[in-house]
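A, B and C are the chain letters, set down in written order, and residue numbers restart from 1 in every chain.
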Amino acid sequence: MQWETVIGLEVHTQLTTQSKIFSGASTAFGAEPNTQACQVDIALPGVLPVLNKGAVERAIRFGLAIGARLNRINVFDRKNYFYPDLPKGYQISQFTLPIVEGGALTIQVGDEEKTVRITRAHLEEDAGKSLHEDFHGLTGIDLNRAGTPLLEIVSEPDMRSAKEAVAYAKALHTLVTWIGTCDGNLQEGSFRCDANVSVRRPGGPLGTRREIKNLNSFRFLEQAIDYEIRWQIGEIEDGRAIQQATVLFDPDSGETRMMRTKEDAHDYRYFPDPDLLPVKLEEDWIERVRASLPELPQARQTRYRTEFGLSAYDAATLTSSRTLSDYFETVTAALPKADAKLAANWVMGELSAALNRAEIDIATSPIGANRLARLLGRLQDGTLSGKLAKQVFEAMWTEGGEPDAIIEAQGLKQMSDSGEVERIIDTVLAANQKSVEEFRAGKDKAFNALVGQVMKATKGKANPAQVNDLLRAKLAG
Amino acid sequence: MSLSIDDVNRIAHLARIRVSGDEAVQYQGQLNGIFDLIAQMQAVDTAGVAPMAHARDLFQRLRADVVTEPNRREAFQSVAPQVADGLYLVPKVIE
Amino acid sequence: MQTIKSIATLLAEGKISSVELCQDYLARIAAHNPNLNAFVTVDAERTLAEARAADARRAAGQANLLTGVPIAHKDIFCAEGWLTTCGSKMLANFVSPYDAHVISQFKAAGMPTLGKTNMDEFAMGSSTETSYYGPTKNPWDVARVPGGSSGGSAAAVAARIAPAATGTDTGGSIRQPAALCGITGLKPTYGVVSRYGMIAFASSLDQGGPMATTAEDCALLLNVMAGFDARDSTSLERNQEDYARDLNKPLTGLRIGLPKEFFGAGLTGDTATAVQAAIEQFSKLGATTVEVSLPNSGLSVAAYYVIAPAEASSNLSRFDGVRYGYRTPDYADLTDMYEKSRAEGFGAEVKRRIMIGTYVLSHGYYDAYYLQAQKLRRLIANDFAQAYQQCDVILGPTAPTTAFKLGEKADDPVEMYLSDIYTIAVNLAGLPGMSLPCGFDRQGLPIGLQLIGDYFAEVRMLNVAHQYQLVTDWHQRTPGGF
């Protein structure tokens, strides 16, 4: 029997401000506990919130990037509940009138393109952290994170598989880091996903959803959703109805487990925060932010396909991060002869492989884009063969240095003197009379053997195309 | 309208205030008296009236994104009920 | 009579030092506070240190008008190094690590703190009987309440054990105790005085203001208290005003609005007579009167007892025994700790209001209560706007009765809430209001006259009140025995 999965994501993105959303305390990660929790963050009696312009600006930026509607007047509400890492006993968030509504994100799943609609994105403050170890059965509360600005991005339930959910999460991750609203650091919790998952008969009414909380890696997101889908189908097929609930994913067991059911869901008593006035977005501010937006990944993908003739897959890969895309563009622009395909192949091939092996980000690549372009230039002008170029790349990676210097020092220059190549060919032909006869008898394989011998004799420095041409001429003559 | 004992217990729990059985009965009477006073509001037709959440219809002023607050942990934690290693301590939180 | 104006003159002329002044007041506090319970915290060392600093500043030629003049602060204002209890057991051990904006302003002016005054717990009350530190007594009759919630400040000024004090007013908490104690108090336009460091009761209604013996003193104090503060998002960015600038303007041509709803069946006896006499006095001063109508003002108590508890229920959630304040000594788990700490740390009235507020915001009731109250608030504010097309200030009684007996209304919350029937609408609208003495009832208890201005009409109101005080002496009368 067929089942259809329905998934919506709520993603909490920490905004890249210097200070907190409602106080002047630092948002830097990793400080000693409670040293970045000021009187506002720890909610001393009498303190008041004042909204950080940088947080609002980042929300505008995101809204513009997804083609959303920006609510020119938006409102902060209080979400009331008790928890030790929530110092005021309420979280300041946007409930009825969020800053961003609507918009969409295009995702690539395999060869297919799909649009995921965004319901809304609202500004809110993060809570502190509860630490459960080392205190003899007590919990320690660190409020450094309390008040860190978040933009919570809520999607429509438009995804139909864990793969699609991951593709959406990755596309969103690309976008928010691309436009600089979030640093995207998953380990530090800058980008956290909650997944609402339900299953139904295709075309049937929506099933009851369960929400998987706090997934901070794309792998866990996929595993958790896949487990949850199997679990829900199993329950229904065994005749048990799904209860609305909030669950947590345990990476060790690969399973989700219940946190709370709808019955003990909170009554948050939302109401407009009387300490904060409605926020008004002036048109000229919005236009200034719009003007400061970089070319977005979707626009670049289209350009790479139409202008550069790259495949959809290559275009998507090269725009998976702004640093990668910018690197590729720099290489392409610096090539002596326009050849985006060559640049794409090297960036996604040799360079990516080397970066992966070394586990470093392209932003800190030991080979800069312009240096790579100078290497590829030597390929384009015939100084290097593909094989030699890879050798030079290896040397540049491990020892550094300019490609020309390496070529010179290691004598890796491709033989361009046809006289010398001809002499070597003559020697090879003389020493391999058997192959020559076989070739003349119609055996094409024999030709390849002769090419191989010539290349070996030149230590790979001959241009294979040139060897080919000269050899054919000799054999024909 | 009239609050039941269950209502009183529910809101007391939402507000995290422990209420004994006797207190609940007392609160029920007092709160119902107050809600009788409030009830006169319900007769007023407010269709089309914009709710007034603030004393003045103004917009939020925005703060420049600058770090201004120094570390004052020691002063702040000097009035805390229980701390260790710079952390506020509470009974174990179970998730 | 020692007004702060006259004290300032003595200091300026070198006839007295701030230290001598403070010693004198501290001695008066020591003598009378056991009887009145107007102060919850007195710290002579700290006060005298501040007085010495003020004297040094004067000696250095850097004194302002009020440098060296001592003032008492309602215990709702956080003051660094001072116990700041807000009248609650919850904050019985809370020594504030920071200064409220108002406190910084007085410090900057060089005015020593005489102590922290008693108040209804978290400013919730109209009699100062809900204080964890016991009720304050009215100096005019110690068997009676001083009003509230700024009852400690009002009693201290009335008994002349402090020359002036700060108060806060959410539904009448400056004006009603000022009336019941026979002093002058001003609640400014919402946003004129920063709420930063003023422990929140109902954020959209709370406003700090001065309490003193005269309107002129209130003007001088407001000059210190008022001003823009970037730390309060609701603080208004306006040019600094001199609130004393028009005190001496004649009242010729002043149009006084008399809301017919304030002069109806509820207003009887000596209060009605005294208010009527004040109106005649104003006519003699050249003012004219016009009847105005505030048709929705009768709903203000109902709307207030939805809005104020709703905001309070959320504002008081931070008192959870985790980072400061009271924590129950004995608990089984986290929820137990929360529920017991809050049950034991808060008094009955605070808990009642938290529960009302929690209920009106809870799922299924929000629209019928909170939203409806907010709409009524708009109607009430619109009434005032309408009225100010016909008049410059509105005049009426401050409170329906004079000071009532301790315990008289303590068991009947609704009866207590009705003490603020004339003051609450002003907070809902965010307007300035003040109370000044206008007579005594036949038991010798003071009666308060309320002036309500349009937004930012403080200068005009103080002018009106000062002109009245030039031709009356109600504000100069002092209770016997102090």
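Rule of thumb we're sticking to: a contact is a pair of C-beta atoms (placed from the backbone, for glycine too) under 8 Å apart; a residue touches a chain by one contact, two chains touch by 3 or more.
Predicted model only: the values in this text are computed from it and were never measured.
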item	value
Central chain (distance from its CA mean to the mean of all protein CA atoms)	B
Pair joined by the larger number of C-beta contacts - A-B, B-C	B-C
Chain A and chain C, separation of their C-alpha mean positions in angstrom	57
Distance from chain B to chain A - Cα centre to Cα centre, in angstrom	41
Inter-chain centre distance, chain B versus chain C - centres from mean C-alpha coordinates, in Å	23
Touching two or more other chains - residues of chain C	94, 97, 204, 230, 233-234, 313, 317, 320, 322-324, 334, 338, 358, 362
Where chain A touches two or more other chains, by residue	39, 42, 44, 50-51, 82, 84, 141, 267, 269, 274, 276-277
Residue numbers of chain B (touch at least two other chains)	14, 16, 53-54, 58, 60-61, 63, 72, 76, 82, 88, 90-93
Of chain B, residues touching chain A in the complex	14, 16, 53-54, 58-69, 71-73, 76-77, 82, 84-93, 95
Partner chain C, residues of chain B touching it in the complex	3, 7-8, 11-19, 27, 30-31, 33-42, 44, 46, 49-56, 58, 60-61, 63, 72, 75-76, 78-82, 88, 90-93
Of all residues in chain A, those that touch chain B in their complex	17-19, 23-26, 32-40, 42, 44, 50-56, 73, 76, 82-84, 130-132, 135, 137-143, 248, 259, 267, 269, 272, 274, 276-280
Interfacial residue positions of chain A with respect to chain C in the complex	39, 42-51, 78, 80, 82, 84, 87-90, 141, 267, 269-271, 274-277
Residue ranges of chain C in contact with chain A within the complex	77-78, 84, 86, 91, 94, 96-98, 100, 195-200, 202-204, 230-234, 310-311, 313-314, 316-320, 322-324, 334, 338, 358, 361-363, 366, 370
